[in-house]
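In the two assemblies presented below, chain A is common to both, partnered first by chain B and then by chain C.
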Partner chain A sequence: MDITYWNKDLETMDRSAIESMQLKRLQALVEKSLKTEFFKKRLARAGISSAEDITSLDDLRRLPFNVKDDLRQNFPTGLLAVDMQEVVRVHSSSGTTGIPTVIYLTQQDMDNWTDLLARSIVATGCSSKDVFQNMMSYGLFTGGLGLHYGAERVGMTVIPVGGGNTQRQVQIMKDFRTTVLHITPSYLLHIHSKLDSFNTRPEELHIERAFLGAEPYSENTRLKLEALFGMHAFNSYGLSEMNGPGVAFECMYKRGMHVWEDAYILEIIDPETGQQLPDGELGEVVLTNLVRSAMPLFRYRTRDLAYVNPEPCRCGRTHRRLSRIQGRTDDMLIVNGVNVFPSQIEEVIMAVPEVGTNYLIHLTKDGSLDKLTVKVEIYSKLFTGDMRELDALKGMIKEKLKASITINPVIELHEPGALPHSEGKAKRVLDEREML
Partner chain B sequence: MKITQISVFLENRKGRLSEVCSMLGQADVNIRALTIAETESFGVLRMVVDKPSEAADLFRKNGITANLTDVVAAEVPDKPGGLAAVLKTLSDHDVNVEYMYGFVEKNSENALLVFRFDNPELAAQVLRENGLKVIDEKGIQGL
Partner chain C sequence: MAEQLTIFLENRPGRMKSISDVLLENNLNIWAFTVQDRGEFGLMKLIVDKPKKAHLILVDRGFACVLKEVLAVKAENDQPGNLDRLTTALWEQNVNIKDAYGFVSPKDHQGICFMEFENPDDANLEETIAAHGFTVLTGKALYEL
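Right after this comes the complex of A and B.
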């Protein structure tokens, strides 16, 4: 395998060079932040009134954490550190669960972000020869436009189709011989389940790679998708508060996502105490964006749970790798007193070949007890018509789940396509328990 | 002399069986014999139809999970003891029945029995040698 780089100097520079770059950029970030009333007050409380108060990277810990609610409190322009005239792009969360969170970028910020995406794309082995079908939503969501610009910068042939309309997506894949997809894993699973009805076999497509992101998923889902389409799937990580995709991306070795540490400072903390955790320990991801001037944001608590792998990567990149997101501090389910992450359930069921491409975790009350039902769609091609096999399958899934999460779930088998599916981010948990 | 049985995976949902059957009706596929095996959360509909490959195509296009299985269909006299005699013959020849279901034919004195055997070739031979009429695909279409 040939290792390709977008900017070899930046991607392979030694740790001390990364850290001195981080310090310089952190000082500039603090200076920018002081231009907003909100950060000025907040930093003053921490005894910081100028960039000169930051003399080493350890001083990062003097900066207070910021959370999603801080962005909401400052809606719409409270965290804007430049004149609106300099802003060339606005992105925002949907705001379906409250006040939206909004971010701003200058032309320089856009260039910085786009370059990180070009770097991410090339790290997977893609080049200007590829045909890139971008199936993430365009618009205020950062996923679609972010990768779009990055792919153009690499020189790929970009098809900006956006999400939805499965039949048309498959037709476009055939017509333009698409080689690279950007898509949520749940939507790609759904597409596979529809191929038969479009009279299309996966082998007729030319997909070589897929960038999977925007929702958590398990390693077994990746393996399943790779096998179903005969391709390589790369994990991608980002969040709109940090610009969107391009914070971390897997290289061709697919063993964790390189966090572009010249552009972001990565910390893992104990979500309870806020204390920094050593590499290798699972905790909450905290990020500082060093390359955005329109809207500075430091020590942002993402609520995503992951750990860091500091080992050198075979690709030669010196930027540390972030594990797959293991869950979120706020998506943990408590079932009869036992903590369960949806990702644990997905990990188990996606390893079962007879399970198809969709599932739903359903929580209800049975008297005073919680009842956990895992509904899975079966994989049509492995259906033999034999009841005993189906019963055995149910029993097997139940046993495996019980071994993993220590709770005895009810397993329901469903027809492919019967469970609710999404053409964007999937909703895998339906919690219908009465809240106390 | 095997014929094709179609098995359909059905989740336990109101109206699902009716949807599947309407689909066949609209495509002018006639059901000759059927049975449903069920548990509390799903069932398997097994049937013999006059146009199995059309039915299989139809199911595939509509995203219905279905599978084709070889079965043997035989006519037995529609009278007390008719089935018992056939089963005894099979048992005497060490032929094991995995499952079976029956249907009474409209215009004859016979019942149509559909058998799933682990060895359908041998079973068909035993049935024929004992004077039973084993029906082929053409025979099914003609029923």
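Right after this comes the complex of A and C.
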């Protein structure tokens, strides 16, 4: 495989060079942060009143954590560290669960972010020869515009179609011979289920790569999508508070996502105690953005659960790799006292060819006990009409799930297309326990 | 052999109607059907006058539906004991019936039984049935009823 780099010096510099760059940038970040009343007070409580108080990377631990609620409390401009005139871009979370969280970028911040995305895209083996169909939402959501700018910087042919309208998406893939998609895994699964009705076979498309992000998904889902479309799928990680996509991205070897450590400081902590965890242990991802001046943000608790792989990568990049997101500290379900992540259930379902790609985790009360029902759809092409095979299929899924999550689920089989799907982030959990 | 449609249906109001709607729209005639219930879902089995056409249409509408060969066995004279003679003959040969349902032929009012067997490829099966005075209807004979 030909390994290509966007900025080889930065991507392959040794650990000590990364760390000295991180220290310098962390000092600048603290300096910037002190320009906001909120951080000035918060840092003062930690005994930090100037960048000079930071003398080594270990001093990072003196800085307090920040959480989503801090961003909400400071809505809309409390964390802005530059004059609004310098701001060239605003992004915001949807705010469906409360006050939205906003981020601001200067022109320099935009350049930094775009460069990280170009770096990410090139790491997957893409080049200016590719035709890039960006199927993430545009607008306030960071996913669409982030990759759009990065792909343009690489020189790809960018089709800014955004999300939704499946039939048109497929037509565009054919008309422009799209080679690279940026899409959520659930939407790509949905598109595959619709190809038949558009009289299109996956082989008629020219997809070589897909960047998958914006929702957690399992390795089995990746393998399934790669097989269905005959392409390579790359895991992408980012969150709007850290600018959006481009925090971490998989290289062509697809063994975890390189976190661009010249731009972000990565920590994994125990979500209960806040203690830092060693590489390899599963914990909450905490990030410090070193390349955004309009709105400084350090030690941000992402609520995403993952672990770090510090081993050198065959691609030669020295930036440590982050595992796929295993779950979120807040999407963990507690079922009769047992912690269950939807991703564990997805992992099992995606490995069963006889069921489709749509599923629903339904939680209800059965007396005082929680009842976990996993609903899956029959995959038409493997349906044989044999009741015993259907019984065996249910039994097999139940056993596999029980082995994975240690609790006994009820498995329900449904007709193809019967379960709700979405043309964006999928809603896979229906928790009706409070209502009963 | 006769061709039976087997359709996966969720067990909730309107699902059987979704099938009968499609059959009506396409002027397909139902000769026999049965529904096997299994909790949240069931299997609907249908014998219709144009099975291949019905299959294509149902698959096109997104149903999980297969076309399966089943044996159509016709008794010569409608009288008490016909089914008993048939099941006795099969029992003597140690043949296991997986699934069966009957209907009365619209032309000559003779009983017809559709059967699925554990080992459908057993060469002696049709001979055994014929030796006891039953007729195994071929697809053609069946669909000319």
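The definition used in the following text is that the second predicted complex is superposed on the first by the 434 of 436 C-alpha atoms of A that agree within 3 Å, B and C clash if a C-alpha of one lies under 4 Å from a C-alpha of the other, contacts with A are read in each partner's own complex, and residues count from 1 in each chain.
Basically, contacts are C-beta pairs under 8 Å (C-beta built on N, C-alpha and C of every residue); 3 or more make two chains touch, one makes a residue touch a chain.
Note that this is a predicted model, so its numbers are computed, not measured.
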item: Combined model on chain A: chain C and chain B, fit or clash; value: clash
item: Which superposed partner A:G417 touches (first chain B, second chain C, both, neither); value: both
item: Which of chain B and chain C A:R42 touches, first, second, both or neither; value: neither
item: First (chain B), second (chain C), both or neither touched by A:K194; value: first
item: Touched partner set for A:K254, first chain B, second chain C, both or neither; value: neither
item: First (chain B), second (chain C), both or neither touched by A:S380; value: both
item: Set intersection of chain A contacts, chain C complex versus chain B complex; value: 197, 378, 380, 383-385, 387, 390-391, 412-418
item: Chain C partner contacts - residues on chain A that touch it in the complex; value: 197, 378-380, 383-385, 387, 390-391, 412-418
item: Touching residues on chain B, where the partner in the complex is chain A; value: 5, 7, 9-11, 13, 16, 37, 39, 41-42, 44, 46, 60-67, 69
item: Residue numbers on chain C that touch chain A, as the complex places them; value: 6, 8-10, 15, 36, 38-41, 43, 59, 62-66, 68
item: Chain B contact footprint on chain A (complex, rising order); value: 193-194, 196-197, 199, 378, 380, 383-387, 390-391, 412-418
